[in-house]
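Both complexes below contain subunit A, partnered by subunit B and then by subunit C.
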Partner chain A sequence: MAEEMKDMVLEYVIDEYVDEDDEIEVGFETPLISSGIVDSFSMVSLKVFLEKKCHVSLPDKEATPEAFDTVNKICELVRRFQD
Partner chain B sequence: MAYSAKARGLFAEDIQAIKDKGIYKEKRFICSPQNAEIEVEYPEGAPKKKVLNFCANNYLGLSNHPEIVKAAHEGLDERGFGMSSVRFICGTQDIHRELQDKVSEFLGMEDTLLFPSCMDANSGVFESILGPEDVILADRLIHASLIDGIKLCSAQYDTFKHMNMKHLEKKLELHQDKRHILVVTDGVFSMDGDLAPLDEMCDLCDKYSAMILVDESHASGFIGKTGRGTHEHFNCIDQVDLITTTFGKGLGGASGGCVSGKKELIELCRQNARPYLFSNSMAPPIVNASIRVMDLVTKDTELRDKLEWNAAYFRKGVEEAGLCVRPGNTPIVPVMLYNAKLANDMSRDMYAEGIYVIGFFFPVVPSGAARIRVQLSAAHTREHIDKAVAAFKKVGEKYGILGLDKKGIIDKYGM
Partner chain C sequence: MSNIGSYEKRRENFSWDIAKEVLGWKEGEILNIGAMCSDRICAQGKGDKKALIWQGFGGRQKTYTFNDLRVLSNGYAGFLQNLGVDPGDKVCLFMDKIPELYISFLGVLKMGAVAQPLFSAFGDESLEVRLFSADTRVIFTTRKHVKKVRKIQDRLPALEKIVVVEGNPDKLKEGEIFFRVEEFPVEDFNVYESGPETPSVLHYTSGTTGQPKGAQHAHASVWGQALTSSWVLDLKDDDVYWCTADPGWVTGTSYGIIGPWSLGVTQCVLDSGFTSAAWYRFIQDNKVTVWYSAPTAIRSLMRDGEELVKQYDLSSLRHLASVGEPLNAEAVIWSEKVYGLPFLDTFWQTETGSMMITNFPGMKIKPGSMGKPFPGIVAGILDLKTHEPVTEPGTVGLIAFRPGWPSMFREYVKKPEIYRSKFVGAADDAQPAELRVDESLWYVSGDRASFDKDGYYWFVGRDDDVINTGGHLVGPFEIESALVEHEAIAEAAAIGKPDEVNMEVVKVFITLNPGYEPSDDLELNIMNFIRKRLSPLAMPQEIEYSKKLPKTRSGKILRRYLKALEWGEEVGDLSTLEDD
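Up next is the complex of A and B:
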């Protein structure tokens, strides 16, 4: 289940934020925000996606750029709010 | 005194942190009117140096154009120095109305509303017309002032990949359940000089019943055959719903901005936009000079033609010299260096050669995409451009990057 979520989030991140001609490899531990792949302005669609797919509500003060910096961190955050 | 030693120390630490990141902005003083040739004091306290300016938004060379200066004087004499009022109380003169009408005519829009700046126009336009049932779909690289305006507005928002029409279409499909959809883009993106593919965007907006707003700050007055802007270039003037633009770049260079477009939307801005309601009106000398600007750009295409020629001539020159230039056809020509330190070092050496240009790197541009952004002006002569190209050649040679492509430069200097 946990692995499934990670794969799903990674797939969304690549689809949503990486252009076909960008030569970037994204994995579970790749920094997303601090590297500039995702900026704080375009982070919003990721948050909406997570809330819909994982049936959670992420408060704005928790959904910070730091908490969204890697796929692993994102999944940790989501799990915390699923309980 | 509430500004304690402790508070001062903490703020000083914040400033140091900016310096440590290497993104501290130095003070630079221009000791002459804005023009192709300027006198600069940099660093602070250094003797004044005469340099050629290749980093101003003075696209049409109007910042110190004699006719515009004359019109500003006339405005000062005939309508005074300032308005001491926001627009709707007693801050609107007949010349404000005249300027609005001329802008509407020039841009091919129904109505126009002046703001103190385009930053203010962008801050006010979204909250004035949209609410929580609506969605804004923005290109990811739009200007910071649009992002601020979108965040100030109660509408939902989403973004699409830079100029990626497939992704925009996906988002338009996704948000069909919203009341209004407003697509937002810059016409010309100021860091890359990219032209947004407005014709395709407008067709998609028609297909999915969305409205479109274009920020034309880096386009008004010179993009398109007669300088109307990106919508003229792509032949879709009638399909654009809203334009925001500035009088602080091509159209004069002093200050002021506006929203132009469908008359109901402009009326809502007049009723609701906070910068219109709560910030002082554009000053009469600037309004009068801006009217003359509109007359000048409407009368013929001499200035925009000269700018187009200058941009093509510079681009060809640096390409032939062996520099790596981002392809395009606007007066913004990014000389790509990829590495931030290289961009910084080269811009310093260019300054020593008498050419004033600036290096840009993350977070202003994506990391690994550092560059020197060159901006052409109709005020540049052929000799100015020859000097700039020669300096690029000399400095490029010093760093051993002439003839190298992206991969070659990155192999040599890293990202």
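Up next is the complex of A and C:
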């Protein structure tokens, strides 16, 4: 289940935030916000994606650039609020 | 002692020439903002002083002196000349808040071209509209953002050169130029002899109808920007100043470049997104003394609480100010409690170019108030119907100003009728050059307010449908136009919805084309569609599906009706509403 979520988030990030000609390898530990792949203004749409797909409500206070910086961190955050 | 001293005395004895005294500028010197922010400061013996302390993602830091600004901006200016750029040409700066943005801005102005900074999070459609409107000839961008330019360049006949100024030079497409200014510093450059009316900076601003309008500023704006930086931001020679705004918007140029650097003040830039902890650490590490930020950020800091503040040494701070949207009283009171200093609200807009109504150091602060007009600014509240000045305190009307202040925008690019429409009492054939100096007219800002018996102004709201999200104006028309390009959407209306942190966020009402049904996937698809085409700011945070949108009998969607329902306000006259 955890792996499925990671794959789903990674796929979404690649589809929505990485252009074909970017030639960036994005993995579970790739920095997203701190590397500029996902700009901080666009985090809102990533948050909405997680809330809709993972059926979870993420408080704005927790949805920080640090918490969204890698796919692994994002999934940790989601799991914390799913629990 | 604050720079302004007594507000009342300053009002009594005011002249914009005081700005020249503050800057030590003598008649006969070149009035060129690029040179005034670099060459002039070096000529004052401050060449080795830090001008820019920059920090990016991952804690990367770079520091530039005023002499660095001078030779590197010369490098950009010389490069543009060699490229064949002429004075008056528009050069777009499309990049994140990196040093190249700040320094190339000065370089563009030094060679007489017009700097057109655009918010780097803009999507390709937002970019295209603004570049097309301005007939932009050259764009400076980065490896990260050049792909958006590539998508639209075929539809921009005036765009001749795409210059990548940062990042990896590999993989550029044919015709693109890579230019790293550090490799080409120029010791001596013959600065363009601009005058007060020479066009300088072009910022785009959104309106209720039509595409964004280009508000053109001139080099004389520096008088207003420098004097307000001195009297309102209270900048002094030994300050370390931090303006959190992005130069893609007017605050980021007027007070993130021109104001502080024309005064020779050191400034910091943090380009790594927002977190409260990162911001406090930045203030602590750089010993920031004056901090100019926005209500959205301040409310986010409030949300993260007082305990976090205590983990950092913020004792260097001595003065705080805010801009972008009204600063609520709670935020003013909170900041005084936790930082020991209130955030002072300032009111102005893209068109005004510099602060108009503000709270001043030393003045009694009424939390929630916009403050009082800057000395030299004649402000008034006009009756909503008659447009006559109101005299009764507490009466809500339109905020208006007598034209003639130096930072005032000179025109809307290619839109003289819209420019004229901003002036109450203007003759039908009046030209922009006449309007902007005619002190018998009123320039109407588009915002509503009242004043109290003590002369303090109190913001009420916008007089139109423009959405103010996080201090950035977003035009509903732009969003609606983009939405109906989505294959699933038949009709759309965009409004601002109240939001605790951002003041407003975008909410849209849509009707779907046959064959489409509401779903989570569709909603996300629409959100990302707008985010990529326009910008994350324009992205709807709520989508409401509707069978039918309310319209006038002539078929125009009644946005104000939807907004009134959303805000729980009176819907007003519905006599033009289409029969159901």
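In the analysis below, the second predicted complex is superposed on the first by the 83 of 83 C-alpha atoms of A that agree within 3 Å, B and C clash if a C-alpha of one lies under 4 Å from a C-alpha of the other, contacts with A are read in each partner's own complex, and residues count from 1 in each chain.
One rule holds for everything that comes next: a residue touches a chain if its C-beta (ideal position, glycine included) is under 8 Å from a C-beta of that chain, and two chains touch if they have at least 3 such contacts.
Being a predicted model, the structure only gives us computed values, none of them experimental.
Of the two partner chains, neither subunit B nor subunit C is touched by A:3. Once chain A of one complex is fitted onto chain A of the other, the partner contacts of A:33 are limited to subunit C, with no touch recorded for subunit B.
In the superposed model, A:19 makes contact with both subunit B and subunit C.
Judged by the touch definition given at the top, the superposed model places A:41 against both subunit B and subunit C. Taking subunit A as the reference, the larger set of touched residues comes from C, when subunit B and subunit C are compared.
In the superposition on chain A, A:64 makes contact with subunit C only, not with subunit B. In the three-chain superposition model, subunit A touches both subunit B and subunit C at residues 19, 35-36, 39, 41-42, 44-45, 48. If you check the complex, the residues on subunit A that touch subunit C are 16, 19, 21-23, 33-36, 39-42, 44-45, 48-49, 52-53, 60-61, 64-66. Partner subunit B is touched in their complex by these residues of subunit A: 17, 19, 35-36, 39, 41-42, 44-45, 48. Those residues of subunit C whose C-beta lies close enough to touch subunit A in the complex are 57-58, 96, 120-121, 144, 147, 171, 272-275, 278, 303-304, 501, 520, 523-524, 527-528, 531, 535-537, 539, 541. The residues of subunit B lying in touch with subunit A in their complex are 138, 140, 147, 157-159, 161-162, 164, 362-363, 366-367.
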